[in-house]
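Beneath this line is the structure, given in structure tokens, with notes to follow.
As written, the chain order gives the labels A, B, C, D, E and F, with residue 1 at the start of each chain.
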Amino acid sequence: MRPSGRALDELRNISMEPGYAKNAEGSCFIKCGDTHVLCTASVEERVPPFLRNSGKGWVTAEYGMLPRSTGSRMGREAARGKQQGRTVEIQRLIGRSLRALVNIEGFGERQITVDCDVIQADGGTRTASITGAYVALYQAFDKLVEQGKILEVPMKGQVAAVSCGLYKGNPVLDLDYPEDSNAQADANFVLTSNGHIIEIQGTAEEDPFSEAQFGSLFSLAKKGVSELCAMQREALGI
Amino acid sequence: MRPSGRALDELRNISMEPGYAKNAEGSCFIKCGDTHVLCTASVEERVPPFLRNSGKGWVTAEYGMLPRSTGSRMGREAARGKQQGRTVEIQRLIGRSLRALVNIEGFGERQITVDCDVIQADGGTRTASITGAYVALYQAFDKLVEQGKILEVPMKGQVAAVSCGLYKGNPVLDLDYPEDSNAQADANFVLTSNGHIIEIQGTAEEDPFSEAQFGSLFSLAKKGVSELCAMQREALGI
Amino acid sequence: MRPSGRALDELRNISMEPGYAKNAEGSCFIKCGDTHVLCTASVEERVPPFLRNSGKGWVTAEYGMLPRSTGSRMGREAARGKQQGRTVEIQRLIGRSLRALVNIEGFGERQITVDCDVIQADGGTRTASITGAYVALYQAFDKLVEQGKILEVPMKGQVAAVSCGLYKGNPVLDLDYPEDSNAQADANFVLTSNGHIIEIQGTAEEDPFSEAQFGSLFSLAKKGVSELCAMQREALGI
Amino acid sequence: MRPSGRALDELRNISMEPGYAKNAEGSCFIKCGDTHVLCTASVEERVPPFLRNSGKGWVTAEYGMLPRSTGSRMGREAARGKQQGRTVEIQRLIGRSLRALVNIEGFGERQITVDCDVIQADGGTRTASITGAYVALYQAFDKLVEQGKILEVPMKGQVAAVSCGLYKGNPVLDLDYPEDSNAQADANFVLTSNGHIIEIQGTAEEDPFSEAQFGSLFSLAKKGVSELCAMQREALGI
Amino acid sequence: MRPSGRALDELRNISMEPGYAKNAEGSCFIKCGDTHVLCTASVEERVPPFLRNSGKGWVTAEYGMLPRSTGSRMGREAARGKQQGRTVEIQRLIGRSLRALVNIEGFGERQITVDCDVIQADGGTRTASITGAYVALYQAFDKLVEQGKILEVPMKGQVAAVSCGLYKGNPVLDLDYPEDSNAQADANFVLTSNGHIIEIQGTAEEDPFSEAQFGSLFSLAKKGVSELCAMQREALGI
Amino acid sequence: MRPSGRALDELRNISMEPGYAKNAEGSCFIKCGDTHVLCTASVEERVPPFLRNSGKGWVTAEYGMLPRSTGSRMGREAARGKQQGRTVEIQRLIGRSLRALVNIEGFGERQITVDCDVIQADGGTRTASITGAYVALYQAFDKLVEQGKILEVPMKGQVAAVSCGLYKGNPVLDLDYPEDSNAQADANFVLTSNGHIIEIQGTAEEDPFSEAQFGSLFSLAKKGVSELCAMQREALGI
């Protein structure tokens, strides 16, 4: 029933390549089917003004798409002189999702910026970004541990994200673009490895949908996130 | 237990004044406690380029806050030369929420812009904006009916929004600012009058929270939206 | 002869509501007929760089219009990414008008920003802004006195503003929009309560006009400002 | 008494060189003492959208200062990405002053842009700009007449501008920078050759000033503008 | 002598992967040592306004760097709201280099935008971009031929680019970052496969250098470009 | 053969007027035929952040064109809110050319900004800017020497620039606009008085050109720069 032939509760082929970017303290090139995102984590020895002399660090995220990552070319945001609303919305979501698990008192007055750049897009770029960003961030923290700058990775848990939706009347896991653009409803779930909620965003694309339908999407998401978290651990060797 | 002394499932004092703005086709000055938002709906006899000659109309929304609507003065977005990420995120949410209920083939090639301007802020400005925007938009459609330009109000249902959150361990309805800034989790629910989902956004402010806790917030939201919808109907006399 | 039926030297119905904005140190919601402006005065414990360690304070003003304050919707300046020339011109005028009466050595190194936001427009928004801004600013200074931070309100006089114009050959006081858009000439007078000049701006809309005609506008303005100043004192209880 | 040794009612040395700019349809390099402004008038065979198919033309103005026209270097507006409030205010004034005398039905659907660029500044740049702009605009119209595109110069009169001020208690004509920066009050007068008002802007720099003082400034201005208009006619050979 | 151990006239390891980007009409992922650039060519069925109804097409280029392509993170241009001078300079160079070889009358009224995005930077990103851009553009033209839209690839020749420099007194080919940041002079050569000049840019980084030294850089460049052109042909199978 | 009737190796009429700008520390109004550029050098007692406490100074350049310096009016960059790519490219070139000869340790922690503003354009504005900028900069340094702030002019040599091109098959010196817009190739040479290279930029406008043709342009440039340097010395009296 799905254009890709996948089962309703089946993720796309996923791969995660930590350390892809030679220059960054942490990085992960994540592929979810034909959606490819390069996530890098950059450590800087400074914090934003509101945290100076607080002993706390900061984690923030930025998101971008290469102009021809998509089916038809998008204008380059740098050339137009501003980021689109969608871009801003997504990078705020990634940042909140990471901060929810980071102990900001655990890595000194440092700022870590996680950049998620979409090299190729086929639906689900924001959830792939979050899943890959966790790996890049973990790697950057791990490097600080190796360098003896901090004692342990200051994260309280593990986070991954996936989208689910109602497609042709059925709840399906991990929408690709052909599904996403025809879904009746879709929801992005940012969950911990034990299924707790960090962020949920659900939207009716056509008619409003019921609490029960939302529940069925949630169940799929828990399954998907659990699998993604296992892959993250494998990629990181933890 | 709540700073305001309200019961856990009690809305703030709500008032809605349709027709507040003399110049607009539709308007509503909504007060949710000390949160005051002026919503106006402006009808224009043109549509964005992607809808020209399609026979369809468009509904969009913009959001703003007066610089001193808040406890300390915010810089004016017009002076800084760009809208903040939060502003963009909110106005996209308002627009999607309205479009989910509007039949865009039912009012010709017209664009309706709903402006939600926060005159005073005490938490919940985005949900108050959506609730008031529905009234302003309805009034604008009704005016088109009165003028004989369309036959009926092209909306498939009724929409209102409310925020709920976990505050000191309890699920509470309709957060005000003192609650919002100390909540463990909060969620915005945009629902129809019969409790179906248009948009849900839930965020852990401290630790991730469980599906059961999310369910208790949802229940409060359905109660609150039901009451808000009754007030909208009363304000509109429908 | 006037569209509103007013006498040539008659102001519109005026009301001033000090303290309208719960969050601001000073505020005034001023209505001049159908022109409604919310003025707030925000006190900050800092000054611009050029005044640091000077012992002097600063007063500045910003101006804005809600998108649908006018007969047809204007684009939102924040969305377009810049303030229009007219906006800049008006807010500079308001700022100069206030600073002309303030003793900047009399309230320490503080900055007061007066925001004038037009909720509804029917001509004369800049003069209404100045008249209301005086009230908001006075209230903010008075609060500093009450808090024991300064000894007295550091203002050397009282200021109000009104527009006059040549309409159908007659000099008239306090133009509303129908008059303003058909005037042969109009002038904005920012005067002290004893009729001295703080700022005068006169413009020929059609043919150049004579010094004698300008004199007749000036006379009307002195009458109007005198009445407005009385209302300000009544509103402030001084 | 004046730093320059001029009499109270004496203009600076003035020169006007029409045709200075080889490429422009009209131009004038005006020197008022050490204030030097290059004014060019550019004719384009198109009008702004709001005038298309109206048979009417448009005249507009832009103003700029070279970064080191002033005593200390100003940041380049193009590099900062926006025009300052003062710049916008001045170019709007120049445009209004010219349009007040132009018959916009008298030169077809053409737009004339008058650029006033300050090469060197010593006070009074906006009034020098207006005086020079008239010459440049006249020359551009005259060229259209020569080319047979219009029958006569479509201007109803002649305009020049000058600033006057209260300096050390005396009313003085044509302020230079040392006077301008110490004046108690100053006013810019844009007048026709017969002394009628196109635009007046008066501002108290220190204490508010009286109607009588304003009158004395006006008298000086009429004398100065009369002399400037004679020089314009001489420069143009009319 | 070179940090990399290469011979003076030795290129880095080069690889070119055409067709890397699934969505683009043409693409090439080029690696010159640790400098990695993704080049995509996007065909659109429209031209800029100045070419409408001319029967001619247009080729343009844009350039960007991922924020952490470099050793320390650069601010994202989209977030800062403008492209840096260096970016603008490079993308103009890429565009000119391609247009020099394209017959713009040979592919109808189409615009092809070549995006060169630096995934990882180690010196020579602009020359790698040009070399890869040729491959992406060729592929896009070839696709139009396959689709029967044009008869042949409308390019008059082949272009590649390489940088040369004076490093520790010796002329060297294909500078990497450690060399580039310590060179006494460097020059970028954009040449055809037969060694003719499309663009040359030479700059003294320390002392001015002689015509003879420039000549020795030119000789190296011709060797390098010749090798790069052979690799382009191999990658394209032509 | 040349439109101007000049010999192939003949410069235009050149004049340089140092000290043209009353307010600047150094200045030069340079005329190369009908190309007129005002260059000013402004000394500020501060350096950019990256040089603070380094004991070093900085030289930078900015470039602009008056809107009607050209044959048809260009939009004003300040009004459009950004500098064009061409502008950015040129001002970077001017800055590099000057810095190549300045000993930045020789004038303390000062910044000198050289502004090159084109008053009238007829081709070759960037090379005229560099030639005039040298004079303005020298004058500013000389003033620091006179004031006893530095001991000698901290420049290691002399720089001038000229463009050469292939026009109707011949190499010609110092292109004017009619030649520039029809050249097959053109190159800008920034050379020292003894013919060494500071910067070279050569571009094929039509077909790629040969190394031999490039050599003939270089020979012309050396002759032209030698003559320009003599005129600079004469203007400066050194």
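Basically, contacts are C-beta pairs under 8 Å (C-beta built on N, C-alpha and C of every residue); 3 or more make two chains touch, one makes a residue touch a chain.
From a predicted model like this one, the values you see are computed outputs, not experimental measurements.
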Partner chains that subunit A and subunit E have in common: none
Those chains which touch subunit F and also touch subunit B: none
Copies subunit A and subunit B touch via same or different residues, half shared test: same
Chain located farthest away, centre of subunit F as origin (C-alpha): B
Subunit E and subunit F, separation of their C-alpha mean positions in angstrom: 28
Subunit B and subunit D, separation of their C-alpha mean positions in angstrom: 50
CA centroid of subunit B to CA centroid of subunit C, Å: 33
Set of subunit A residues in contact with two or more other chains: 81-82
Chain-level touch network, classified as line, ring, star, complete or other: ring
Chain ring listed from subunit B, with subunit C in second place: B, C, D, F, E, A
Residues of subunit C defined as touching subunit D within the complex: 82, 85-86, 88-89, 91-92, 96, 100-101, 156-157, 185, 187, 191-192, 195-204, 207-211, 214, 218
Residues of subunit E touching subunit A in the complex: 21-24, 27, 34, 38, 40, 42, 44, 62, 64, 66-73, 76-79, 81-83, 87, 113, 115, 117, 119-121
